[in-house]
């Protein structure tokens, strides 16, 4: 078992690739076969696995989310921190705070087109903490 | 490894905090470092990680879900058990049946504003079973 | 720890049950108590846990998803592979690529009405790879 927490700076709302950071934790863990679990310690940023070749996929996802969960929706009463506040909580609940990927031959066993992404839902730059736990043998 | 199943009574549709129940299973497991995995054995109630400070966040989430997945939507043909039946299945699929949280220093390593919640999607009171598995050392 | 990757042929867009395939991997692993983790290595097909008794539930889910994420939505710019291309990525992000189910008494501890499903989001037939990792004792 290997566990570590990494900090990621985000520039505000965006879908930021973290695959290389996670892959390096797996390599350094020395674990050859098992699972790599990711957990984000926030309620207004989330984790997704997504196509990593065409940046238009992430732009389309962001536009889709803005239409699905409108910032400043009059339905929302929790709005102390601005129009993105409650929308960020809803987007987080509709995606993931916790994800696991198999480890095989000492590497993250992602599919050819899969990348790991931190989705920042707040408008402003943030510091985000993700804990990576590698279990196996 | 420690595994136990707990029963939760819900009063019907609501978002009910279960953080303290899960934290006490982790403490009693004696595991200092690893993962705590939650699994709910139902298809009309689900698990979420959400902001736990302002109750308005859960109310807004519930209202958002009612608009996104209308009860008794004429689109639905599965409706034997009432207007909340199929809506409950869709809400479950759009959130989580399975979640994992890191364990560090013998405790659930949640972020400052994160809580664990059982989301009851049916109108009527139910008994719900959640299995908690703690893996680590 | 036991890990294996299985191939599933899908006939194109559909929600296909895989419970029996996963249950047999758990049985053959010899692990009595722990977790079974599933991971799908694709960004246009996903995993869900859903009611497995009435096929109308899966049809309603499919119809709901078509309304929520319209194929060929003019919002989408990533459309090289057709109207189902970007819709498939969005549906994948809104459901699961990674799921874990407890193992108890040497069996998958699903609820009475729960089944495991591979959701194919592309129109055309595909080969899909799922890695099953069983951890425990």
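Here the chain labels run A, B and C in written order, and each chain numbers its own residues starting at 1.
Assume a contact is a pair of C-beta atoms (placed from the backbone, for glycine too) under 8 Å apart; a residue touches a chain by one contact, two chains touch by 3 or more.
Only a predicted model underlies this, so the values are computations on that prediction, with no experimental measurement involved.
Asks: Could you tell me which chains are in contact with subunit A and with subunit C alike?
Replies: A chain counts here if it touches both subunit A and subunit C, which gives B.
Asks: If you list every residue number at the subunit B and subunit C contact, are more than half found on both copies (same) or fewer than half (different)?
Replies: Interface between subunit B and subunit C is built from largely different residues.
Asks: Roughly how far is subunit B from subunit C, going centre to centre by Cα mean, in whole Å?
Replies: Their C-alpha centroids are separated by 20 Å.
Asks: What are the residues of subunit B that contact at least two other chains?
Replies: 68, 94, 96, 100, 135
Asks: Report the residues of subunit B in contact with subunit A in the complex, numbered from low to high.
Replies: Contacts found on subunit B: 33-35, 48-51, 54, 56-57, 59-61, 63-64, 67-68, 94-96, 99-102, 104, 109-114, 135-137.
Asks: Show me the residue ranges of subunit A that touch subunit B in the complex, using the header's touch definition.
Replies: Of all residues in subunit A, those touching subunit B are 1, 3, 37, 39-44, 68-69, 73, 75-78, 80, 86, 89-90, 92-94, 96-98, 100, 129, 131, 133, 135.
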